[in-house]
Amino acid sequence: MKTETEWAELCGLLPSWLEASRQQAAYGKPASYIPELAHAPADALGVTIMAPDGQKISAGECGHAFTLQSISKVFTLLLALMDQGEEGVFRKVGMEPTGDDFNSMLKLELVEPGIPFNPLINAGAIVISSLIRGKTPEEKTERILTFFRTIAGDASLTYNQAVYASESATAHRNRSLAYFLKDNRVLEEDVEEVLDVYFKHCSIEVNCHHIARMALVLALNGKEPDTGRELIPRRYVQIAKSFMITCGMYNASGEFAIRVGLPAKSGVAGGILALVPGKYGIGVVGPALNDKGNSVAGVHLLQTMSEACDWSIF
Amino acid sequence: MKTETEWAELCGLLPSWLEASRQQAAYGKPASYIPELAHAPADALGVTIMAPDGQKISAGECGHAFTLQSISKVFTLLLALMDQGEEGVFRKVGMEPTGDDFNSMLKLELVEPGIPFNPLINAGAIVISSLIRGKTPEEKTERILTFFRTIAGDASLTYNQAVYASESATAHRNRSLAYFLKDNRVLEEDVEEVLDVYFKHCSIEVNCHHIARMALVLALNGKEPDTGRELIPRRYVQIAKSFMITCGMYNASGEFAIRVGLPAKSGVAGGILALVPGKYGIGVVGPALNDKGNSVAGVHLLQTMSEACDWSIF
Amino acid sequence: MKTETEWAELCGLLPSWLEASRQQAAYGKPASYIPELAHAPADALGVTIMAPDGQKISAGECGHAFTLQSISKVFTLLLALMDQGEEGVFRKVGMEPTGDDFNSMLKLELVEPGIPFNPLINAGAIVISSLIRGKTPEEKTERILTFFRTIAGDASLTYNQAVYASESATAHRNRSLAYFLKDNRVLEEDVEEVLDVYFKHCSIEVNCHHIARMALVLALNGKEPDTGRELIPRRYVQIAKSFMITCGMYNASGEFAIRVGLPAKSGVAGGILALVPGKYGIGVVGPALNDKGNSVAGVHLLQTMSEACDWSIF
Amino acid sequence: MKTETEWAELCGLLPSWLEASRQQAAYGKPASYIPELAHAPADALGVTIMAPDGQKISAGECGHAFTLQSISKVFTLLLALMDQGEEGVFRKVGMEPTGDDFNSMLKLELVEPGIPFNPLINAGAIVISSLIRGKTPEEKTERILTFFRTIAGDASLTYNQAVYASESATAHRNRSLAYFLKDNRVLEEDVEEVLDVYFKHCSIEVNCHHIARMALVLALNGKEPDTGRELIPRRYVQIAKSFMITCGMYNASGEFAIRVGLPAKSGVAGGILALVPGKYGIGVVGPALNDKGNSVAGVHLLQTMSEACDWSIF
C-alpha cells in the first residue's frame, strides 16, 4: 500500500527527477515511420502517478495528448481473453518473448506452427484484434472503445482520425504481416477488416492521466479504484502482467526488468504504462525514442523512481 | 546444330524414355496451394522438342494444357529488360541465388538493402511485374500477352480465367511479399494492381509446343526460328540463361545444373522449359511435383535426354 | 512469510500432488544428448520445500542425485557479478530473452555485436565461465565449488566425474559456440580451458535438498537462512531473479511465468530450482523432459503448488 | 579452339586492359582476417592465359606468389570425387548455392539435415577435406599436394608455412563450423585433424602460371594439355564447372555468371581461376578484395576480356 512518507517524497522530488530525465530526450528522436507521429515535440516529458485512493501526482507535460499505439495491445489482449477465454486466445498466439524486432516475420517463417510468439508483437496483436467479439469491424472497434473508456475512466476517449488515417495509409509492413498470418491460416477474417480494428485501437488518444488510471486498474488486479468493482478477472490481469514483464518493452524487456523491475508497456508515440503492484498506476510520455522503440526519457524517469523507492518486483 | 543422327535417335527413343520417366510421377504430387492446380492429372507427362528448322518431336500428353506459373518469370524479366534496360532492372532486383524457398521473406528482412535476391523468386518476379511498361495494369498485361504470343508463335495465347481467379483469391503469401516490398520502397506501385499483372501472367495457358517454341527462341539467342528476326536482344537472352542456370529450378537449381546442365525454368503447374543452346527448345509437362516444386517425371526425362545426348553445357 | 496454515496444507497435500504429477512423466523422456544423462530413471519425481526457519517438507525421490546442468548458470552468473561487477558482466552478455533454442547460434551471427543475448543460454553461460576470477581453470573451478558449497550448505558438494567426462567428450555444439564467441572476440581465453570450467560446474551433483537451500538463499535476497549473513549482494540476486523469470525455463519461460509465476531455472538432468520470494526455496527433480528441455512432471508439480497456494508474483 | 586472331588481339591488348583494371584495386583492400594475408600489395594485378598448345600470355605481376585459399576447394572436391565417387561425396554435402556468407552457419542450423549446402563454402570444403583418402592427416595432405602438383604442372608446389600457421592460429570461425558439423554427425573425424588438412591445402602457394595451368586442365575436361592423358574423369570436371558457375565467386556468383559468364573460383588471397571451355585456362591475382571477397581488379579484368572476346558460356 501507498505510504504517506513515500507519497510525500514523490511529491517533492518528481519535478527535479523529471527535469533530469528530460535531458535524456536528446539521445532519441520521435518515431518517423508513421508520418503523423514525427511531429511530436521531441523534448516533451510528462508523468502522472495515481494511487488507489484517487490521489495523483503529476509533473511536466502530463496533459500532452498522444496515441496509445502498442500500449493498446495489453488491453485488447485482456478483452480477447474475456471474449474467448485462455484456450481460445492461446490457440492463436504464443506466450514467449522473441528477441526479434516487433514487426519481424522471421519466427513466423522459421518456427512451426507459424503462430505469433506472443500477443505484444505486431503479428500477435493483429491476431488478437481478430479475436475481439463483434460481427463487423465497427462493432469490434466500438466494444474496444467502450472497454478502454471504462478502464481509463473517461467516456470521451476516442481515436485520433489523423493518426488512424496516417497509419492505415502507410502500414505496409503490418499488411505484410497480416497476409502472412492469413496464409498460415492463423488469421481467418478479412485482412483489411482486421487491420482497421487494429489501426483504430492503436490510434486511441490519451494523456498521462488516462494511462495512469489504466495502469492502476491493473495494479489493483482488475478492480475499479473508486468502487472496487471487478472490471477484469484477476487471472487475466496476471497474464497481462506476465507479458508486460517478459515482452512489454520490445527488445529491451529483459533490460527493463533488471533496471526497473515493473510490469510496463511502451508505445511508439512515446507513452509508457507502468504499475507498482497493489500501489500505483503510472503514465509517462516522452516522444523521443531510443533504437529499441522506447521513450528514452521515460525509461530514465521510471528507473530513477523505481530505484529511489525500491519498487522492483524482483 | 541439330544433327540427323541425334534427331533420328531422339525420334526413336523418346517414347520409351517418356514411359520410363512417367513411373517417377508416383513420387510426387500436383501443387495444392492454388486450388485450381490440384485437379491436374498426376501421372500425365508430355514433351515436345523443337529444332530451328521447324521440325518437332513429341511424346506423351504434349497437348495437355497447363499454366506457365513461374516459367512466365523468365519472359517478364526479358520484357522488363527491354522496357527498362539492365540498370533499371538491377536497381530493383539482385542477381544471386538465395538457397531459400521461392516464397521466403528471410533475406528481404535480413539482408540489406531488402531488394529481392533475383527475378525468379516470387518477390523478384513481383517487382519485375511492376517494371513492365504500361499506364494501367490492363495495359501491362496486354503488352505481356502480346510479347508472349510472339515468342510462343501463337496469337491466341491467353490466360486461364479460373486459375487466375483461384490464384488471386488465395495468394495471401504473395500479398504478404508484395506489401513487404512496398514497405521497403522497392515496390512503388499499388500492390493489388501489380499483383493483378503478376497473377495474370502466371496464369497464361500453354502446352508443350508453346514452351518448346519459347525455349527455341532463347536457344537461338532471341531470334525468331523461321525468320531470323531479332525478337529479344541477345544480351538479355544471355542474362536470362544465366539466371535459368543459377536459379531456374527453385532450390534444386544447383543439382539440376550438375545432373542435366541445361538452362531451364520450371513452374508449379508441372511445366519445364529447357533449351539446348543453338540447337533445341524443349517443353515438358508433368504435374506431379517433388518437394522442391519441380516436376518429378519432367526432371527425370530431361536428365535421361541430356545424358544420352551429352547436352550439358558444362 | 511462511504461514502455519499454508505449511500444514503443503505437508498434507504434497504427497498426493506429487503422485498426480508423476503421471505426467510419461509425456517426456530423459535427455539423451549427454550419454550419461540418458540412464536417469524416467518416472522419478522428488521435491523439497525449505522455509527460512529451517523446516523442510519433502516428497518422492527427493534424495535422488542429479547434476545441476543449466541450474548452475544462475550461480556462476552471481559469482561473475561479484567478481566483475554489473558493467564487467554486461559488456560481454546481454539481458534479453532470445526465443531461440538454448544452443542456437542464429542471433550470434545475425545480431550485432555478436555477444550472447543473455547469461542463461549456453553461449552466455560459457562467456560467464570465462569471467570467473582465477588464474587457471582449476582455480576458477575451485572458487565456483566453494561458492556453490556455501549456497547449498554442504561442504562436500562436488562434480560428478562420469557426467563431466561424458559432457566434455560429446559437447561438440558447445565447442562450436565457444569458437564462434572466440572469433567474435567475446571470449578471450583459451576455449578448451573455459569449457573445462563450464563442463565442471554443469556436472556438480546435488539432490532436491541442495537446490531448495540454494533457492532459499535467493528467496531471502542473498542472506544465509540460519545466520542472516549476506552471501550475495541483494542487487545481484535481483538481477538473477529477473533473468529467471524472463529466460529461466528455456523457450517456455513466458509460459512458465504465466502458469506458475515464480523465478525458476531448469536443467536438462531434470532439476528445477524455484523460489517463492521471502518465503520458500524449492528443489524439484524429474528426469523426463518435454520438448523444451524442462522436466514435465516437475513443471506440473510447480504449477499445482503455485495455483493452490497463489504464489505467482504477478 | 584458340584462333590466331583472338590470340593476337589478346597479346596486343592485355597490357592496357590490365592497367585499366588495376585502377579498380583502389575500391578494395586485402583480406585482413588471416593476419599473414594483410601484407599483400594492394595494387598488384597479374594475369596469365594459357592455351592448349602450351602458349602463354602474361601481364602485370603474374609471378606474384599467393596462396590458393578457396581456389583449392575445387580441386579437393575433384580429389574427393575420385576417392569416394559421386554418391560418397553428395551424401555429405549438397549441390545448392546458399546466398549466405561463405562462413555462415545459418543453413546448417535452420535447414535439415544440417549438411553443408555445397562444397565451395567453408563448411562444405571442411567436410570435403575429411573425405580425402589417407590414414593420417599427413597422408591426406601428401595426396592433395601430389594431385595439385600434377594439375599445376609443378612438382615443387607446396604450402606456405607462415600462412598455414597464421590460419591455423586464428581460424576460430572454421573451428566453430567444424564442431557444428561434428555435432550434426556430418564430420566423423577428429576436428583438429581435418582442419589441419584444410588449412594446409588453403595455404598452397602458387602464381598466375600455376592457376592458369590448373584452369586449362579443367578447360580440357580433365586432360593434361601436353599429353592428352586423363588426369581427372570428365564427369567430375563437369560437376566442378557447374559448381564454379553457381557458387564459385562467393555471394557474387550470380552476378559473375551474368557479367563474365565463365566457370571460375576466387580465393581471399586475391586469386581467381577461370576457364574458357575448350580454349584457355586463366590465372589472375589482385589482392584487393571487394565486400564479397573477390579481387576487385581481377573481376574487372575478366569482365573486360570476356566481353571483348565474347567468351560467356551463356
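Quick notes on this one:
Going in written order, the chains are labelled A, B, C and D, and every chain counts its residues from 1.
Keep in mind that, in the parts below, a contact is a pair of C-beta atoms (placed from the backbone, for glycine too) under 8 Å apart; a residue touches a chain by one contact, two chains touch by 3 or more.
No experiment lies behind these values; they were computed from the predicted model shown.
Over half of the residue numbers at the interface between copies subunit A and subunit C are found on both sides, making the touching surfaces mostly the same. Chain centres here are means of the Cα atoms, and by that rule the chain farthest away from subunit C is B.
In terms of their C-alpha centroids, the spacing between subunit A and subunit B amounts to 48 Å. Chain centres here are Cα averages; for subunit A and subunit C they lie 32 Å apart. Remark: subunit A and subunit D have CA centroids separated by 55 Å (rounded to whole angstrom). Within subunit C, contacts with two or more other chains are made by residues 110. Viewed as a contact network, the protein chains form a single closed ring in which every chain touches exactly two others. By the contact rule set out at the top, the touching chain pairs are A-B, A-C, B-D, C-D.
Those residues of subunit A that touch subunit B in the shared complex are 104-106, 109-110, 172-173, 175-180, 182-183, 191.
Only residues 94-100, 107, 117-118, 238-239, 241-243, 245-247, 251-255, 257-258, 261, 263, 312-314 of subunit A touch subunit C when the two sit together in their complex.
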